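Lettered A, B, C and D in written order, each chain numbered from 1.
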Amino acid sequence: MKIIKDSVHDHIQVDGVARDLLDTPEMQRLRRISQLGTVSLVYPSANHTRFEHSLGVYHLACEALDHLNVEGRQAERVHAAAVLHDVGHGPFSHNLESLTHRRTGRYHDDVHDLLADGAVGDVLREHDLDPNAVADLVAGEGRFGQLVSGELDVDRMDYLVRDAHHTGVPYGTIDHGRLVRELTFVDGELVLAEGNVQTAESLLVARALMNPTVYSHSVARISKAMLRRAGERLLDAPETGVDAETLQRMDDYDLIVALRSCEATGEFSRRLDQRDLFKRAVWAEIDDVPGGIIEADHETIREFEREIADEADVDPEHVILDVPSRPSMKESTTRVVVNGEIRRLGQQSALVEALRAAQYSQWRLGVYSPPELRDRVGRAAVDVLGLNIDGALVREVRDGLDATLDQFVD
Amino acid sequence: MKIIKDSVHDHIQVDGVARDLLDTPEMQRLRRISQLGTVSLVYPSANHTRFEHSLGVYHLACEALDHLNVEGRQAERVHAAAVLHDVGHGPFSHNLESLTHRRTGRYHDDVHDLLADGAVGDVLREHDLDPNAVADLVAGEGRFGQLVSGELDVDRMDYLVRDAHHTGVPYGTIDHGRLVRELTFVDGELVLAEGNVQTAESLLVARALMNPTVYSHSVARISKAMLRRAGERLLDAPETGVDAETLQRMDDYDLIVALRSCEATGEFSRRLDQRDLFKRAVWAEIDDVPGGIIEADHETIREFEREIADEADVDPEHVILDVPSRPSMKESTTRVVVNGEIRRLGQQSALVEALRAAQYSQWRLGVYSPPELRDRVGRAAVDVLGLNIDGALVREVRDGLDATLDQFVD
Amino acid sequence: MKIIKDSVHDHIQVDGVARDLLDTPEMQRLRRISQLGTVSLVYPSANHTRFEHSLGVYHLACEALDHLNVEGRQAERVHAAAVLHDVGHGPFSHNLESLTHRRTGRYHDDVHDLLADGAVGDVLREHDLDPNAVADLVAGEGRFGQLVSGELDVDRMDYLVRDAHHTGVPYGTIDHGRLVRELTFVDGELVLAEGNVQTAESLLVARALMNPTVYSHSVARISKAMLRRAGERLLDAPETGVDAETLQRMDDYDLIVALRSCEATGEFSRRLDQRDLFKRAVWAEIDDVPGGIIEADHETIREFEREIADEADVDPEHVILDVPSRPSMKESTTRVVVNGEIRRLGQQSALVEALRAAQYSQWRLGVYSPPELRDRVGRAAVDVLGLNIDGALVREVRDGLDATLDQFVD
Amino acid sequence: MKIIKDSVHDHIQVDGVARDLLDTPEMQRLRRISQLGTVSLVYPSANHTRFEHSLGVYHLACEALDHLNVEGRQAERVHAAAVLHDVGHGPFSHNLESLTHRRTGRYHDDVHDLLADGAVGDVLREHDLDPNAVADLVAGEGRFGQLVSGELDVDRMDYLVRDAHHTGVPYGTIDHGRLVRELTFVDGELVLAEGNVQTAESLLVARALMNPTVYSHSVARISKAMLRRAGERLLDAPETGVDAETLQRMDDYDLIVALRSCEATGEFSRRLDQRDLFKRAVWAEIDDVPGGIIEADHETIREFEREIADEADVDPEHVILDVPSRPSMKESTTRVVVNGEIRRLGQQSALVEALRAAQYSQWRLGVYSPPELRDRVGRAAVDVLGLNIDGALVREVRDGLDATLDQFVD
């Protein structure tokens, strides 16, 4: 048995298949994939990695299985899935996911391939585990799939607490010890035991508060959009020879240096390295944005960017249109026992609807450009996109928010 | 300058009027008044006192005033109010408040008297402060009254964080540093600056989660009801010579020993000392309780208890009917600047309504009795009170919840 | 199984004999015995109790036994001893120990009697445990006695971390998780496994730093001496009917109220309640104190006090002579495996001798009196005790230290 | 004013010259220099950077200056020095320092050049600060130099607490709030005020415990030695065009990718990336090592390595001889006021000598090689270096320690 010290869960005991998996090159690579990508440009202490997160998820899975009295092969399969659940992540975690998925056309198969191949596949087979069965768990399938990837999974429990610890934002500090202890199986389904409506709500609330403060902080969104644009240019530059598959297998170090070395990505790379970021030219609420734009695909959005640049008479590389998808709330389907029946949290809790509404009210379409161009780009964007706001309001709202940002962690 | 080490805020600098007030017998008495009363029967680490809380409130008030650039006499007045805001608390803090107020018929005057008299009045006058002006602040009046006692006051900020620290329940861990920094005056009113809707919501959410988990935990409510009943018997026992005024001036030590010494309170005292508590015979939701009972005054409730005892054929001392008042949510009126205008949080945030609904769904009428009598008392109570539940359901709900309690901190 | 939330160890699972023991009146009484006695007059957050500490010791014992693979009856015996190790404590924990032991003439027998009698004895026997065997463990005897009461016991591990948590002084923050995991049995003796010299040293260092900062802080010592004097007067007052046995069975609440009610202890009681404490008239290093005084018994010390009062022409009740015993260092005998051999930490580590020397340099004889008498009493004490310091130095040292104290937590 | 959230000090207010310095490319580069280099291969959460550390040092400097009542230009100079104190760090912080200094022949001049040039120099001059005066402070010169770089500097206070927070090892948790408050100037020298011998000792002890557990953990030392060897090979490979100056200006990302791309460093790079590290073939105490080896210069050590490789008949790249310099203890000269006089801590505290002795007893010469070669390399090294240990002991000691390591964070 090996014991690893973790800044969140203190001592983590690692044994069996988990121990051997941690030693594979595929898992060691996660030491160089940051957990929160560009969020560290807002919260400078947020430099934690997917490796320590994977350890934490494994640790919570062990605790949950202990309480559920699951042992042996079944437990080892879940341990492996917990350790491996992020092994397919590309550089900067989720920041470039949409780009690589668009270019490779694949998402789900990956996990099954990744777990069957190379050192990971070897370790799994040595421990008599079927890589496909482990990959199913990672994909959230099967009786224990919900524990690894579901509404109440240990992934979420670890990242909320870990992100809170490393950013310094206390909102993610949930009671994971209680959550893990209150999980139980009823009719083959993983649910929270009687008396835990509020325990489930606390998880929901933690995510709802971490979202705008951390995960979707405007500066994190701007720098992520810039990184994505730079990644796209890198793939389009024939001389680099980098395709989407290669990009997906890079770590943060490879990518940062590749962006520095390529002429087409030089400016974005310098801006990201020096934190000389674009600023918001438009920051519009969902009600002020035509539905067509919210549903637009990548090509249409690129087209809008070119039109805005045209109308503003600026280089198209200096306009980024950032349209998040409609908010969803997976946790609302959390199952909890109430008076002996399994109910969905969304049926039981008035909070779920309120948090959904809060998400809608926090949704923002962003148009970003270099600071000196933002007035021109802002006016052009309102016009081209048909936003329901007049120029004065754009500026006013923008300045109000910027003032705040200047004061807090901009 | 004096520096005091606090387990929540680390070093607290104490100076001027605050320093002298801390040395008065009135403030030193708060060392022997527990912050959360009977909650320590649920969370055994929750032994913190009103004294350390008062220090914490003073500390946060200093930080807020620094950010608001308030100095001199004005600041000293607020410092004094922050230190003194709980000086009138009786034993076990809020646990016996309803009893003493009912018997003395007074509530609000107290603070003005308390601050003008004795060592406290002397210290205030030595520092050229008018005790009445300080008492106004404690009562939430005036420009700075909101800081001491309002929707966004430093009292609430300290107790949430402190109660979380000492119970071990993480839900109260708000970002008080940010709250204190974002307070500002607009048109003479204390408000949260632009960009802080979510900061305000986080405070609301913290209270909403701490409420059922800590402040209204069923075991805390049962033991508080038992303590209140014991207090009432003590006042009714002529030989003790204790009246409501005397009781109000006691500390926890005086009261506990008085209850032990008095024959009429002997059983309750022994039960509280040994944690041999009554159990829930009924635990009914607000929708199942006739409105008349919810609005009933003390005498009517006492009458109901006698009727239930009669019908169940048990000693009236073995029935406690515990009817909390309708939930309210003071924080919904928090003022926050949105797009340059002052708005009420309740207008702006969908969460407020949801949390209000959550409070309603958590509201419970309780009937408590010794464990061996709870079936008889439960059936009688459903009948006498006209509750909209049948006997089977009473038992089922009760057992579900009790099962949970047996597992968690009962 | 029952789960209790603790502010130090988070969730503590309680089961078997431990669970039943916690419900006895003897254990519930520990909720009203403060862990650190008068230390809360220095650190206002230090209001934790022997009850929560006992829970913590039980929790660490469970973890250690898990790692040692000890189960069944043997484990239950240790569990019981861990829960019960402080059940005999009198009010204010160690503060009055010397007094009650002097008066009752007993110390060690107590534990065996206490564990055989009453509800505790009943519970032990119901669980097929021999109260004497459990009492032996509490007394540090037998193979597992060292785990409960030895140089490396879980008692020490819990109190260091808990006292640090509640005072806010970080020095006690040891790595108890590692200590508990590294315990092992070699040749029937509990030792620290290879590679843990430094782990052992860290425990030693934590105590060495907590000692002067917390446990022997001058204000805690003064108030403890005042409390002990008041306790002595209480026993001497025939009208109270309190003898040493009764005193030993009181809780903090009983004692505080008894001191308030008795005329002979009125002044001390008021002073303690209002934190209107005596001050140091003398604070002398060990090298400046004649050996005879350091070894003097209680009667001799009382005689010195009368002589000092005589010479200073003050009421003998206004002079307290406080002579700590020579420092010892039990932890120096900690056994740790080095290159395959069991060695004593004192042989292996240069730190042990240095910490012993540090303890000697921090040793202080104190003479305390009301502030207005301290010059007269100080001069008289130097004279009567034959201290090797002149008057000027007494004052200078005293003022230097007082200045510090005025700044930090006096 | 800007406020930045830090996971250690919570909110850090940044203003004036500090704010502008943080925006320079030179400071932003520190976001990509890890604070502890290869220590993250032992403690996977230790991914913090020099950027967040620099912020923390600035924060503590502000607190110290507040307490010392230093304002205006003088304060701004110290603020600038605190922010900039690590701006010259090369990739992986101290890991490659000895290499680049040996190759460039420069160390001290750097700071003065760095602060006068580029964006940093511009910002300093815009704020009317002389870059040379700021560089002097960074070098520890002048009245306030001791605050930035001395025995009691804020650099040390921040890194101990920050490294403890991120590794999860509690030993570094000092009371920095007290240290910063107790600094004072006496006769132009920065000292700790009366009553703080123990405060000074606590800092010393924290470093003494963090040293073997974190900074000199054997696995951190092995991987650092491998990284240094790889860096040396990179400089020696003519085709890379990397010289020592270039290396020094790289960040961690540049270096990692450069090592991956260069044939001569391919194996080391793969081993570091996959944590497939060399193991200890010898681990010898200072008393068993001839003095000549301890004092040997780089060339001599390289010569020993070749001889060991020769005798063991292995590739010279597979032998690393790691000889730390003799332990020193800068903190022993800390000045603290005792009875009104300034004394050196080393004169006053028996702990200083003991900790020095402890450092000597922890000193280890290491010889590292691939696991499969360690027996051959170990025997050859004992022979070539004339170590005073026989083969059996080497193996025994080694296995004892390795066993521990296998259990803890190897």
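Things to note:
Assume contacts are C-beta pairs under 8 Å (C-beta built on N, C-alpha and C of every residue); 3 or more make two chains touch, one makes a residue touch a chain.
The UniProt protein names, listed by chain, are A, B, C, D = HD/PDEase domain-containing protein.
This one's a predicted model, so the numbers in the text were calculated from it and none came from an experiment.
When you average the Cα atoms of each chain and compare centres, the chain farthest from chain D turns out to be B.
Annotation: A-D is the more contact-rich of the chain pairs A-B and A-D, by number of C-beta pairs in contact. Chain A and chain C have CA centres that are 51 Å apart.
Centroids built from CA atoms put chain B at 40 Å from chain A.
With each centre defined as the average position of its C-alpha atoms, the distance from chain A to chain D rounds to 34 Å. Multi-chain contact residues, meaning those touching two or more other chains, occur in chain C at positions 3, 10, 169, 178, 408. By the touch rule above, chain A contacts chain B in their complex via residues 169-171, 173-175, 178, 193-196, 198, 201-202, 205, 209, 212-213, 339-340, 349-351, 353-355, 357-358, 361-362, 396-397, 400-401, 403-405, 408.
Looking at the complex, you find that chain A touches chain C at residues 3, 10-11, 177-178, 181. Only residues 1-8, 10, 23, 25, 28-29, 31-32, 40, 43-49, 51-52, 55, 165-169, 252-254, 256-257, 260, 273-275, 406-410 of chain A touch chain D when the two sit together in their complex.
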